[in-house]
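Chain IDs A, B, C and D follow the sequence of writing; residue 1 opens each chain.
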Amino acid sequence: MAGNSFGQLFRISTFGESHGVALGCVVDGVPPGLEISEADLQADLDRRKPGTSRYTTQRREPDQVRILSGVFEGKTTGCSIGLLIENTDQRSQDYSAISGLFRPGHADYTYHQKFGHRDYRGGGRSSARETAMRVAAGSIAKKYLFEKHGITVRAYMSQMADIKAETIDWDQIEQNPFFFPDASKLEQLDQYMRDLKKEGDSIGAKITVVAQKVPVGLGEPVFDRLDADLAHALMSINAVKGVEIGDGFDVVNQKGTQHRDELTPEGFTSNHSGGVLGGISTGQDIIAHIALKPTSSITIPGKTITVDGEPTEMITKGRHDPCVGIRAVPIAEAMMAITLMDHYLRHRAQNNDVVTQTPKI
Amino acid sequence: MAGNSFGQLFRISTFGESHGVALGCVVDGVPPGLEISEADLQADLDRRKPGTSRYTTQRREPDQVRILSGVFEGKTTGCSIGLLIENTDQRSQDYSAISGLFRPGHADYTYHQKFGHRDYRGGGRSSARETAMRVAAGSIAKKYLFEKHGITVRAYMSQMADIKAETIDWDQIEQNPFFFPDASKLEQLDQYMRDLKKEGDSIGAKITVVAQKVPVGLGEPVFDRLDADLAHALMSINAVKGVEIGDGFDVVNQKGTQHRDELTPEGFTSNHSGGVLGGISTGQDIIAHIALKPTSSITIPGKTITVDGEPTEMITKGRHDPCVGIRAVPIAEAMMAITLMDHYLRHRAQNNDVVTQTPKI
Amino acid sequence: MAGNSFGQLFRISTFGESHGVALGCVVDGVPPGLEISEADLQADLDRRKPGTSRYTTQRREPDQVRILSGVFEGKTTGCSIGLLIENTDQRSQDYSAISGLFRPGHADYTYHQKFGHRDYRGGGRSSARETAMRVAAGSIAKKYLFEKHGITVRAYMSQMADIKAETIDWDQIEQNPFFFPDASKLEQLDQYMRDLKKEGDSIGAKITVVAQKVPVGLGEPVFDRLDADLAHALMSINAVKGVEIGDGFDVVNQKGTQHRDELTPEGFTSNHSGGVLGGISTGQDIIAHIALKPTSSITIPGKTITVDGEPTEMITKGRHDPCVGIRAVPIAEAMMAITLMDHYLRHRAQNNDVVTQTPKI
Amino acid sequence: MAGNSFGQLFRISTFGESHGVALGCVVDGVPPGLEISEADLQADLDRRKPGTSRYTTQRREPDQVRILSGVFEGKTTGCSIGLLIENTDQRSQDYSAISGLFRPGHADYTYHQKFGHRDYRGGGRSSARETAMRVAAGSIAKKYLFEKHGITVRAYMSQMADIKAETIDWDQIEQNPFFFPDASKLEQLDQYMRDLKKEGDSIGAKITVVAQKVPVGLGEPVFDRLDADLAHALMSINAVKGVEIGDGFDVVNQKGTQHRDELTPEGFTSNHSGGVLGGISTGQDIIAHIALKPTSSITIPGKTITVDGEPTEMITKGRHDPCVGIRAVPIAEAMMAITLMDHYLRHRAQNNDVVTQTPKI
């Protein structure tokens, strides 16, 4: 319980259901003096919002965010920032058919068993709609990190089905609706999505998140390692089933001579570690990968039971993303930015004396 | 900072360096009335301790745990439990050669940059020696969960290099020094380890952790999902670079029809989700996989720099595990047990009214 | 930092400034199935709101609260509850005169020094306006505690200046604008307030909060004692300078024979302890007293300095409470209810086994 | 539950019972590079320990503290510090008579009801013996605060029975066994204690704690105010029934003109606030007062019940302090130092940008 907060020093606490009145967030721990506006937040929200291409759900969610507190004369005051997005396109009627059964692969069954009572409209609190607030809060973290240290946090889709990005062209990512960094595969992706829609099925995806110019020293021994907190942050995103740092599962078949990143006076010679050693950032790029499952909201019928335990069949209607991984790109960026921001402040609290002696952070 | 604690209601706080005076732990939140003894804890510690086979380091660490508080007349009192293991086989002299340089692939560099000062003896706080306390605390969680609900938490090595377990024989696991569930591969593993030792190299591994008889309902929306907290717990283990729940990274190339676990009046027809939907346990087996990197403590020399930034070469001497993944088996069990215990208490706090109405938990 | 949350399992996180766009709160950890409506919250808010009598500020703050999430079909879902009050009567122009100086006895100086930048409109985040959200969240806690166990949490003014309540008539409290339990002193209080207004001065007050039917066993050794958390909760209310449990400062001149509450088969023979022994509730009434300072917002000029350090004079204009203690009555109730609710859930998490054996809780 | 920790960034987690094997503490969040030794901690422990004068219990508790981790080559490493005191003078037999009844005024009854099972030897976890660890951890905080900013935290007994200190002579405090700052009252105190011993009774006391040279800006809006956290810290000390900041309960009968501390270019003209405005330190002395109840461990018989609910009589034998307030002096210092240390780090985390611009902190 009380699980709706994330972070220690930079902490977000969120509320809101898919088809409720509004989504909201308290962003606590923002240093004073940061220039921030609703437009800064809106830019990231617009990247996440549905209805932007034919590959995502056609629901219209204007996702217009308002800053209700914590910013005065254009700058943060150091007090908690309240964020709000009112839900305008609720259409509760679309979901009345599912109130009495458990959609397979969804949280309907577990919420019902846990709470004995659930908001069945569009998945209620378990819907990914909640992540809009993470994106808004993440924008604040991103802006602070960039202004202080030039830190950037960016994500892209590295794989969908068996279509893998083979080149990483950062400029390409925002040019296509898949956030895909390899332009040579776009046609293949487009064809795959068309076929998928015809089938009425969905597909998983792999997202890669990279933070650059992160100073050495972020992360705390031994439980609050930077990579452990990143794993928490990224696994908390809807549909994520796996998290890797650096070489991830490839290390199972690596030898020590292959994996260890050697050091020279010019820096590390490789980055198998993904920028984290002993749970602490090395100063190299922080690299994480996440696996997103295919959504269970598909038009192909599936077996399930009613809330009374009777067998029935589930047929999803309405507007859904065939690949929820696409819209996870800005969410993954937000969760990494929030985690880095929290650890940046934690590091500064304890190690300020060290920090002031070295130009590292 | 203040990163040496894990858990909300069942919380462990640890201290101790590889070659320091002692390791210790405060275990807070243990319900009163649980029968527990040092022997209960010792059983798991002995499974973790080095020197038990020719495949693990020959250091002798008796790891004799003492319970200093919180248990009276054989039963827990509900007050904090203090645990202590004194270090007896310190041999600090073995490590004097490494005080002035950064071992590649180790936390030496990041600790030095973060703290400006480090205990270089055997890795100090960054050594996996610290995990002995996790194992001891995990035994308390395991015992409570088993006595209350028959919950078991067990792990095994599912892969080393490209040698994969193809059958899972639970009885086999404690019979061999690899915690490997497939007896047909033991000879191959043995040969692989012999070759590795000759080379002076190390290898990664994949460990699988399974919890059975976990009631439905554990896990909290939206950030403290059970799977997110498990990812945090497991990624905080030394050398872990990846965490999967259920099908993990395989979902990237799965379709919705393949992945969704259908429901019938008799239960789920499959368990692709790994026992977690919407961050809440389904009542099925909880299944997680972790990837452990090959240790960088190998006898093959590697390039590195001194603390003054001069290039040099690193040659590890002394006693080291060629596959640190082996000894991670009881540690992974402990971290899953601790996470489940915490969520069991969190669930009971909020949802007791529901809990008493259903026989589920 | 990140200081805008209170509670572990029942946790509130608030935002909002006196003259900002809105006040809001995330209430996390509410058990599912509780019937709650905006009207339930409004009742307590109306008791706190200004403009209700000639003794409090004449500002109109309709304080209309909206529930934005966490309640479905009239019952709590177990997910976070979002609350919002939009500020309608802002009148920022009244405060423009104070933007360049530090009002003596206010937080202007400390906020300026801490944050380097402050919302000077009506005190910004340091204004007691923020407590409206505590009252709203407290109503949820009150309702749960009452429905489950018949627990009541009520407060009254026990002293203003040297006018002390000599009898406690619970029915009288809601009948007069002072929340005063002794009708024989009302005329004296009325005359005192008239004189004070003429002088342009303000006065302190003492508030007593009492919780009844609290089960034995709430509170955790050793830092999260019930009385310690109550002290935290009550001292966090604006203008509070002292907190007592039971006999409070009278114990300085008490002997052991006087103070110790003896036990008989019928129960305790006295309640000097205020219902807490060893930090754990005894089952008797929980009794706390708080001291509220006289507000510094008075029309009698006072010496101060500008933000540039130049000497100047402060003259408060506008609408202010001559005794801020009056409106603190519902706030004190709310903070005690929130603390009890948190400890009720914490107790249930760990001690459920014991709890089910005894009818005590 | 999990109530054995205090602090966010500087966090102590303790264990240990009065007559258990040992007391211990994990001190987390200590910045690296601080020179600290067991002797530094022992100095404060010796001030707290019993048996130092005829006015305190004659139990011998050598309280020899050991540092088990977190310090390397004489300096803190930034990793968690483990502290241990072994109990040497246990004499469990003295307490066997009380195992079957509830001592009035003690935690026996509440622990029994809460946990269903208790360590009755000397009060177990509820004994003030536990505070030895707070004193040891407080010494680390004190040393850091003093070395960084010259901050001092000192306490004295300001009143016992109706004997009040009228002058505060800091040099006098460590010269007498009462920690009393007014030498003219020592004879009176001595006589009072002799009479009390003859009667077999006990008496309450008032302790005053003062921190000097605290920079402006410590404390977080709105719940984690510096004064609120101090109230939490001080009320968590055994036997404390009241906490005041600055003028405390005197404010009830103060007017705004009296109370408000005016500002001049040379600073504040008075310190009624006790160094805290809006929950944030003003840069003046931080002043707190606490009230300690008379111990219930007195030789005059008192009515009570057995664990089976039968009426009986309690007669305390053995060695007890007639005024537990005396030994609370170093404990109160420790808890204020720990709280200031935590807030110092919290302030530095968020407001570092401001901090570097002003010479204030």
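By our rule, contacts are C-beta pairs under 8 Å (C-beta built on N, C-alpha and C of every residue); 3 or more make two chains touch, one makes a residue touch a chain.
Predicted, not measured: the structure shown is a model, and the values here were computed from it.
J.: Among the chains, which has its CA centre at the largest distance from chain A's?
T.: Relative to chain A, the chain with the farthest C-alpha centre is D.
J.: If you tally the C-beta contacts, which comes out ahead, A-C or A-D?
T.: A-C is joined by more C-beta pairs in contact.
J.: Please tell me the distance, in whole Å, between the geometric centres of chain A and chain B computed from their C-alpha atoms.
T.: For chain A versus chain B, the centre distance works out to 26 Å.
J.: Find the geometric centre of each of chain A and chain D from their Cα atoms only, then give the gap between the two centres in Å, rounded to an integer.
T.: Each chain reduced to its C-alpha mean, chain A and chain D end up 45 Å apart.
J.: Centroid of chain A to centroid of chain C, CA atoms only: how many Å?
T.: 38
J.: In chain A, what residues contact two or more other chains?
T.: 1-5, 8-9, 14, 29, 32-33, 78-79, 114-116, 125, 221, 345-346, 349-351, 353-354
J.: Can you tell me which positions in chain C touch chain B when the two form their complex?
T.: Per the stated touch rule, the residues are 8-9, 29-33, 78-79, 221, 345-346, 348-354.
J.: Applying the document's contact rule, which stretches of chain C touch chain D when the two form their complex?
T.: 1-6, 14, 102, 104-107, 109-111, 113-116, 125-126, 130, 159-162, 196, 201-206, 216-217, 219-225, 227-236, 238, 241-265, 269, 273-274, 277-283, 291-298, 300, 302-305, 309-311, 346-347, 349-351, 353-354, 357-358, 360
J.: Can you list the chain C residues touching chain A in their complex?
T.: Chain C residues touching chain A: 1-5, 7-11, 13-17, 20-26, 28-29, 32-33, 66-70, 72-73, 75, 77-82, 84, 114-119, 124-125, 345.
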